[in-house]
Every structure is written in C-alpha cells, then in structure tokens.
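Quick one: this structure, given as structure tokens, is what I'll be asking you about.
Lettered A, B and C in written order, each chain numbered from 1.
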Amino acid sequence: MSPQPSKSTKDLALNGIWRDNPIFRQVLGICSALAVTNVVLNTAVMCTSLTLVTALSCLTVSLLRHWTPRNIRMMVQTLIIAFYVIIVDLMLRAYWPEMSRNLGPYVGLIITNCIIMGRCEAFAGSNPPGSSFVDGFFSGLGYSLILLAISVVREILGMGTVLGFAVPYFSSPYWDKWIIMVMPPGAFFTLACVIWLCRSIKSKEAKP
Amino acid sequence: MKDKPYFAVIYMFVVTAFFSTVLIGFSRLTRDRVNANEQLAFERAVLAVFPEIAVESNADIHRIFTDQFAKTPEMGGAYLYYKDREIAGYVIPVEGQGFWAPIKGVVGLALDKRTITGISFYEQSETPGLGARIVEEDFRGQFIGKTISQTDKPIAIKPSSEALRENQVHSITGATQTCIRLEKLINDGLSEWFQSVKPAEEQP
Amino acid sequence: MSGIGSEMWLALVTCFAAIFTQNILLTTFLGMCPFTSVSREVKTAAGLGGAVVFVMTFTTALNWLAYKYVLIPLELEFFRFILFIIIIAAFVQFVEMVIDRYSPKLYQSLGIFLPLITVNCAILGASLFMVIREYSFIQTIGYGFGAGVGWLLAILAMAGIRTRLNESRVPEGLRGPGITLIIAGLMALAFIGFTGVLN
C-alpha cells in the first residue's frame, strides 16, 4: 500500500462514522457485540471497551510498524489486540464485577472482531501513530453509534425502558411489550432495518 | 537485520514476552480485588435473603456476615443466621445449570424451615433483559413469605397468567427455559437439604 | 458405569441443545461475517460449514485440555484468550498441511476455507462458552460438535434461501446484507420453536 497523504481528523471522523461505517458499509464485526444489544447499558459498556481496544491497538500497531516483519504481522496484531482485551476484561472483573458477569464471554470475543483487525491492517500498518489512533477511535465510535441505536430500539420496544428508566407510554399497560425484540430475532430485524435506512439515505445522497 | 529469517522469531518472542509480563503483572495487581469481589458477591447474596437486614456500605456487608452468619457442618452446609445470639433462620445454597451457564444462589428459610424469607443469586449468566431478570427485585420479591409445599413440588414457577398458591410464584415472560431450570435447581437444593437435616431432627 | 452413561447422555443433550435451542449463530450471533459473505451458494456454504464442524470439535476439545491442565494449574486463566487463538491457528495450519500432503482432492474442496476459519469468531466463541459453562470433557466434545453442526445447518439453510432470492424483488436498500439479516431473524424465530423440545 502506498503511503497515504495525512488526513485531517475531521476527514477520519467522517470516514469512520458515516462514509465507511464498518457496520452498514461492510457489515463487519457485528458478531461479537450484537448479542448484548438488548440492554442499553450493556451495549454502552461493550462499545466503550471496543472503541478503546480499537484505538489503542491501532496506536500500538502503528508504533511498531517499522520493526514488525510483514510475514508475521497478523500474529503480532492479534497479540496486541488480545493484550488490550485482556486488560479490559481484568479491569471489568476487578472494578465492575456485575457488568463483567453480564457481558460473559463477549468481552473476550472482541479479539475476533473483524473491525479491529481490519483497521490495524488497512490503516495503522502504514500510517503514523497519531492518525492511526484517531482512525481507530472513530471506526469504533461509528460502530458504537449503530449498536447503541439498535439497543435503544430493542430496549424500548421490548421492555419499555431505556437504561432501566421507564419510558412514558411504552412502559404503560397500553403498550404490549414486544418480548421478541429482547430475544435474538429482534437483533436481526433491528439491524436489518438500520442498514436499510442508512443505505437508503446514502443512495439518495449519491444520486443528485 | 530485519530481513533475516530468525529476526521474525526473535521479534515475536520479544513482543510476546513483553506483553505477557505486563499482563501477568496486571493480573497479580487485580487478583486480590477480583477474589474479594467474588466473596463480597456471595456475602451480599446471603444478606439479601433476610430483608430485615439493612446494608449501607460494602464494609457493612462483610461485618454483618461475619457477625451474624456461621456455617455449621450439622446443618447440611447451610449457613445459620443469628439475631441477638439466637438462631433466626437458615441460608441454603442452591446451584445448577441455567439456560446458558450455572446459576448459583441462596434461599433463606425462617426458623420453621417452611417459610421463605427471601432468595438471591450471586452467579448467573442468563440472557440480559430476559433470564437475567431473575436477579431483579420484581422477581425475587415474589418468594418472600411463600411456604414450601410438602406434598407438591417445594416451589413452583407458574406462567404469569395463572393464579398462585402459597408455594408458587410467577415466571418471567420470554424466559421460560431459565424459569424451568431455576425451579429445578431450587427444588433440588431444598430437597437435598431437607434430606440431610432430617436425621439430625429425629435425634432427641 | 452409570457415571459414564449419564455423562454420555448429558453430552448428547448438550449437543442437541447446541444445534437447535442455543444455535451459536442464531442466538449468539457468532460467525456472522462469513455467514453473510459466503452464504451465496449452497456448495461453498457446505464446504465452509463442514470445515467449521471439523475444526470446532477438535479445537474445543484441545482448548479444554489446555485450559484444565495448563492454565488452571498455573493460575493463568486470563491467558486463555491468547492461548485459545494460538491453538486454533496452529491446529488449522496443521490440518491444512496434512490435507495438502495426503489428499489433494480434499484440499481443493476444503482447503480454501481453512484460513477463513481462524478468524471465525464462532470457533473462539465456542471455546470461551465451554469454559464459562464448566463443561466436562465429554460434554465439551458434544458441545463443540453440536455448535459446529448448528452453524452448518444455519449457513446451509441460508444459502438455499438466498439462491431462491435471486429471482425476487427486494427493495434496493435491503439488497445484500439487509435481506440476509431479515432471513436470519426469521430463522432464529423458527429455531426458538425448538426450545420446548428439550426438557
């Protein structure tokens, strides 16, 4: 890959959050986090962990890029990602045991999230540490925003609450709670609708 | 230097060694805290089955637990609850497979060994928002004051449309599997405990 | 004797549960990335699915041994994330070499899918679940196999449905991943129906 001209932070942010948003552009990396999107709080914690891990891994990969031999770079990247994931996991277990129990194995599964590996490979491996960090951060953020949107929809429709607080109307007896939204199929349907929405807006943007 | 084949091996080794050292150091630092958390979670669960105990801080939990609870081998692994130096209740540990992973909890019984004073869980990984709601007050609160049946199942979890008898509580909608397994593990734990304390009672 | 019998029975139940009620793809969303991209043709889907069954069964068993006999005695439980990945990668590499050497024909049909598997979250996920659920060794084998078969079943069904989908009119924004997710949702709904079977 040829060295890209250094991009501005604004550019990187726009790319990560909208133009190249990992979820609806590439439909990547939903595996490890979709399962926890039925409760907003769990999603928020999961997304924060993921964004931090992505940003820090990109930073580290970028710092080591001049020394890492090409043929073993994937192994080194995996190692770096695993390192940060384990730190996040230990921190949660030590300082927020309830959350750690709620998220179960999903924190560990951040390791296999394709987004982190993808950003490390595509951007951090050939760019300076500063912009790699920013790029990783905004990719994680773009991903987080979509998952948070999904979790808000699921929690409101399924339980009538957001972050545990009752939402007017949805928590009243007039609203028949859509239990299915809290169950796995709800995640598929909501994500499909979000992708549909974003793609439709995008194609309108591209047309004029 | 960088192109030599052995460089990759040495590099990988150095990087692995470095990260592993940091991780091991970090886990040593947090280990005590993690263990303390687990102990605290258990003690909190035990205290939670007696609603009359007021807990204000984490330090409270440990103090009350060591002051007022004691495990005695004669009582089949149950913890005895002392109030003013008199036995005031029993805490029976229950555990078993939930829908996803083991559920571990405790059931509190009053002196008559029939009335439930409360129930709480210190380990579970049920589906958040569904099965995981067994830890919520709405669900657990139902057990308070229920009486264990001697003829029927000790405790039964019924769909929320049915009327309840004295040994029954309502299930969580959408978490049928969790409730079925929960009912089984509570009943297994209770029956086992009754079995183990029976001989002790028959002796004069 | 009855101990082993009940162990086997438990393993069988775990296996069925992993295929139907706790399908690793449809209830925990693991292995979604290859699921959406490789499910266009039944043949490739079957190849990848077969490879997943094979690798998952063996890696969960290997990881169980590594966890029980290496990590627990050393009190390095948190290291499992790294160790599991290394074992999975090494196993895949090893199988690739063996197949390439002894059965070029099998290599042609299965070989191309093997590298894809190392990054499949379902494989690592199965190993992590196995640890959290405190399975015994026999149960672990049942679970690994069942989870793999469950994944295979889901991707096969998806590929079958998607070939039919080519002729139908799907709204523009939904084409591709969107409609795949909706179908997956419907499949997940159907799989929930299995819940009552296993009591």
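Things worth noting here:
Throughout what follows, contacts are C-beta pairs under 8 Å (C-beta built on N, C-alpha and C of every residue); 3 or more make two chains touch, one makes a residue touch a chain.
What you are looking at is a predicted structure, and each value in this text was computed from that prediction instead of being measured.
Chain contact topology: the protein chains form a complete graph, every chain touching every other one. C-beta contact counts were set side by side for B-C and A-B; A-B has more. Farthest from subunit A, judged by the mean position of CA atoms in each chain, is B. Taking each chain's centre as the mean of its C-alpha atoms, subunit A lies 22 Å from subunit C.
With centres taken as mean Cα positions, subunit B sits 32 Å from subunit A. Within subunit A, the positions touching two or more other chains are listed as 75, 79, 83, 86, 90, 104, 183.
Those residues of subunit C in touch with two or more other chains are numbered 78-79, 132. In subunit B, the positions touching at least two other chains are 23, 27, 100-101, 125. Across the complex, subunit A meets subunit B through its residues 36, 38-39, 42, 64, 67-69, 71-72, 75-76, 79-80, 83, 86-87, 90-91, 93-95, 97, 101-102, 104, 155, 158-159, 177, 179, 182-183. Every residue of subunit A that touches subunit C in the complex is listed here, in rising order: 27-32, 34-35, 75, 78-79, 82-83, 85-86, 89-90, 104-105, 108-109, 111-114, 117, 180, 183-189, 191-192, 195-197, 199-200, 203. On the subunit B side of its complex with subunit C, the touching residues are 20, 23-24, 27, 97, 99-102, 125, 176-177, 180.
By the touch criterion given at the top, residues 26-33, 36, 78-82, 85, 89, 119-122, 124-125, 128-129, 131-132, 171-174, 176-179, 181-182, 184-186, 188-189, 192 of subunit C touch subunit A in their complex. If you check the complex, the residues on subunit B that touch subunit A are 2, 7-8, 11-12, 15-16, 19, 22-23, 26-27, 30, 33-34, 37-38, 41, 100-101, 123-125, 127-130, 132, 173-174.
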